[in-house]
Amino acid sequence: MRYLNLILILFLIACAIAVERTKDLVSAIVIFASYSLVMAILWLILRAPDIAMTEAAIGAGVTTVLFIGVISRTRRMEK
Amino acid sequence: MNSAHLPVYILLILLVSAVTTPLTKANSKFFNIKLFGSLFFVNILALLQLLMVWSSGPLRYSFGNWDSAIGIEFLIDEYTSLLVLAIVIISTLIVIFSTKDILLDISKEKTPSYYTLVLLLMFSMSGMVMTNDLFNLYVFMEILSLTSCAIISIKDHRANTMASFKYLMLGTIGSVSILLGIAMLYMVTGHLNMTLTNETISTVWQFYPRNILISLSFITTGLGLKAAIFPLHIWLPDAYTVAPNSSSAILAAFVTKVYAFTLIKFVYRVIGIEVIKTISINEYLAIFAVISIIMGSMFAIGQKDIKRMLAYSSVSQIGYIFLGISLSSELGLSASLFHIIAHALMKSTLFLTVGAVIYKKGIRKVSDFDGLGYEMPLTLGAFSIAALGMIGIPGINGFMSKWYLSLAAFEVGKPIFIVFILISSFLNAIYFLPIGISAFLKESMYREQVMQKDDLPLSLKAPIVLLALGCIITGIFPDIIMSFIERALPTFLSIGL
Amino acid sequence: MDDLIVKTVTKLIIPFIQLYGIFVILHGHLSPGGGFAGGAIIGASFILLTLAFGIEYTKSILSAKVTERVEIGGVIWYIFIGLIGIAISGVFLGNRVAGFPMGTFGSVISGGMISLITIGIGLKVASTMISLFHHIIEED
Amino acid sequence: MSNLSTIIDNINYIGAFTLFIIGLYTVLTHSNLLKRVIGVNIMETAVFLFFVSIGYIRGANAPIINPEVGDTFFVNPLPSAMILTGIVVAVSITAYGLSLLIRLYKDYGTLELDEIIKKEEIANE
Amino acid sequence: MKNYLILITLTLLLIVLVSSLNEMPVMGDIASPAYNEVAEYYINNTQEDTNITNIISAIITDYRAFDTLGETTVLFTSITAVVSVLGFSIKDKKE
């Protein structure tokens, strides 16, 4: 369990750096959604199932949809 | 109506009035009756609360009757109740002002949204001032940062959207830092109640000095960002300049002050002044305060737009409050507390008079003010009173706060700060005096030099006159405010109650 | 979005999503979840409906006026429950002291005002999520 | 901090700090405003991770009472309850920031900060 | 150039934060100061006080219910703010 925790944290950091570096905004949002899902798993490991459900529904679901909605109305690529 | 529930009634009336505002039609008779009726009730209740606290001492209110450790608690001392009263009274005056003025900037169908946001702003400010719980403070702070951005972006102009976005980003960085600071405090104390946190910290701080230091630096940075202390003020000039006049008045009068007051709470009530002195974070705070005082005034001198000038002068005035905090003595604290209310009165007068000038004449360049005093003597008279207060002329409340601050600096043996205060007064005089003088004495080529009555509507005139009177009254009788501060000081300086 | 498969699948799956959301809200005091998670799930089901059938169709089911009323009603409902506490026992947001029926431990009807508040939060969160999404994507 | 096991024990704190810094870097340096909103979101989740990690107790259960078992060894429920509120606050701020972005795109035709500043300078001249 | 400066400053900040971790309570420790009588109160008294099984639910809607009122207000504020920015096109056009 401890090593799973370690791996997930490393994955989170990698995701965050990937979001920072990606020029394509849609890819950045998709990576960010996976970041939220991994965060939800991490919260299950930390014994907080309530937050895990809320994060999966709000963080990975609604926030992602809102971001995609904005990108569909603006430009897709970062300069 | 049970008088023990007064703080809840104040908050609930504001909240209910805010959420039901979108249901009523804009500017109908019922709309105005409801808006001002609820504001009137809130004023009465805030006054009753002040009287109650004055007669029976600080009030602790627990929600749901839970013990203060497990539930949420409000702590309303004498000064807090005075500040709540000041918030609701001055905001009410600004709302009265805005009934006519706001239509300059936003369309009629948006006014319900505007009043909803202003009422929520008052709700969150009152809550933030009264709460004695760290996480509750964060929740109120987020409502405050959302509403204070939204009353800027409500004006349909691209500069507003940009300024508001900048404010939102920096404000959110600030609140996230504060939440991290709160988390670090919670990590070593296990309490969220401020009083209990303080009690625990005074016993455990030797074991975890790093925690306290890092948490305090995050909290100070976050609150400094939101209160616009000098290197972190970059959002403020744009925001104040482009916002609708009544929005800038309310933002300048209270929003930054509430954050400064929150810092006072953190320094004196949560961490405790002994610990602060030991890790000597107040020395660093003093440096930022002095830089802020000087640089704010320096930037203000060169400005052509009068609202931008007032915005930079706000940066310098926040510096005074931070200087008072950093002196970490009884007198310094009372100077800060006094200046919060004094500056709120002066700055709201200044912004409202400028708003009245913009409403009437549509001018906002400093150079256009020549000879304006003949056309709008009342407005410019009020402007001059508040401006003289900012400079520090005796008889107006701005002088008293500088006086208390100088006394405090002298008492703790740092007379160097008095020099900075004098320099700042001099700089203030450089940019404020020419406006007042040229408005009344300089001839303008566009206007006749005949004294007229300024034909402003009553809803614009009355708030200006009342606020200017407030500046003079608190200047001549500073004891009105100081007696509350003196009574409230023990809740800041000693551990517990 | 005239894809027949998407529309059919959406029609099939949405009742189950909403049922699950309602389940999460109603069991918020017994199992993980509660008003926020359940409300977001119901909101997500309507977002899915908008994505498949377009914004006009969703609005014909759930007009902007209804969501606005639910948002206002959510806050008022919360305050109303708090005021019941003041009226009965003199405690704002009191639960047991205010005499709410506490039910039997571990069953759906237990906890007094907690489930009432959770239902209010759930409806409010759902309607806020829907109308935020509609505002963001709607062209004018 | 010398031995490896301290690092592994405190990996959540280290991860939370790192994510906070990455988010802050994104907010401060990126020219694209949408990336800045994502950066703020990363910062917020980092702080939430920090907060929840404070409440974690090794070997304890999730704070839901099981009437049949009746054990009382749970993690600290208070941070979890607070972060539940925090997540909703975060999504509210994101939604408002995004609505401002749509407005900005309508007015300027771009979301790059340097292009916006350039256009603003041209308009002011 | 400016970006590198920010990166260096933030890296230094990160080093300071991480290096101070060994003076902080260890994660997951039962003796950590945050796991004190307040947390135990919630764990031991939820059943008696509120008669429900989910302790987190008890905290957000009973012990600290005022926070949740503030939080629904945040949601309301955000929708009002979004409406004020993006105009009133969302109102049904038939009316």
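Residue numbering begins at 1 within each chain, and the chains themselves are lettered A, B, C, D and E in the order written.
Simple rule for what comes next: contacts are C-beta pairs under 8 Å (C-beta built on N, C-alpha and C of every residue); 3 or more make two chains touch, one makes a residue touch a chain.
Owing to the predicted nature of the structure, the values given are computational and were not obtained by experimental measurement.
Asks: Would you pick out the chains that touch subunit A and also touch subunit C?
Replies: A chain counts here if it touches both subunit A and subunit C, which gives D, E.
Asks: Name the chain whose C-alpha centroid is most distant from the C-alpha centroid of subunit A.
Replies: B
Asks: Report the chain whose CA-based centre is farthest from the CA-based centre of subunit C.
Replies: Farthest from subunit C by mean C-alpha position: B.
Asks: Could you see whether A-E or B-E has the larger number of C-beta contact pairs?
Replies: B-E
Asks: Measuring from the mean C-alpha position of subunit C to the mean C-alpha position of subunit E, what distance in angstrom results?
Replies: So the centroids are 21 Å from each other.
Asks: At what distance in angstrom does the C-alpha mean of subunit D lie from that of subunit A?
Replies: Each chain reduced to its C-alpha mean, subunit A and subunit D end up 10 Å apart.
Asks: Averaging over Cα atoms per chain, report the distance between subunit B and subunit D in Å.
Replies: Measuring from centre to centre gives 29 Å for this pair.
Asks: In whole angstrom, what separates the CA-based centres of subunit C and subunit D?
Replies: Chain centroid spacing, subunit C to subunit D, equals 25 Å.
Asks: Subunit A: which residues touch two or more other chains?
Replies: Within subunit A, the residues that touch at least two other chains are 48-50, 54, 58, 62, 66, 69-70, 73.
Asks: Check each residue of subunit B and list the ones that touch at least two other chains.
Replies: Each of 15, 19, 22, 63-64, 135, 139, 142, 146, 149-150, 153, 161, 186-187 in subunit B touches at least two other chains.
Asks: I need the residues of subunit C touching at least two other chains; which ones are they?
Replies: 30-32, 34, 36, 72, 75, 79, 82, 93, 95, 105-106, 125, 132, 135-136
Asks: Identify every two-chain combination in which the chains touch.
Replies: All chain pairs meeting the touch criterion are A-C, A-D, A-E, B-C, B-D, B-E, C-D, C-E, D-E.
Asks: With touch defined as at the start, can you tell me which subunit E residues reach subunit B in the complex?
Replies: Interface residues on subunit E, with respect to subunit B: 16-17, 20, 23-25, 32-39, 41-42, 62-67, 70-71, 73-74, 76-78, 80-81, 83-85, 88.
Asks: Which stretch or stretches of subunit E touch subunit C in the complex?
Replies: 47, 49-54, 56-58, 60-62, 65-66, 68-69, 72-73, 75-76, 78-79, 82-83, 86-87, 89-92, 95
Asks: Give every residue of subunit D touching subunit B within the complex, in rising order.
Replies: Where subunit D meets subunit B, its residues are 20, 24, 27, 33, 36-37, 40, 43-44, 47, 50-51, 54, 78-79, 82, 85-86, 89, 92-93, 96-97, 100-101, 103-104, 107-108, 116, 120.
Asks: If you look only at subunit D, which of its residues touch subunit E in the complex?
Replies: For this pair, the touching residues of subunit D are 1, 6, 9-10, 12-14, 17-18, 21, 24-25, 28-29, 53-58, 63-67, 72, 74, 76-82, 84-85, 88-89, 92-93, 95-96, 99-100, 102-103.
Asks: What part of subunit C is in contact with subunit E in the complex they form?
Replies: 28-32, 34-35, 59, 63-65, 71-72, 74-75, 78-79, 82, 93, 95-96, 102-106, 110-114, 117-118, 121, 124-125, 128, 131-132, 134-136, 138, 140
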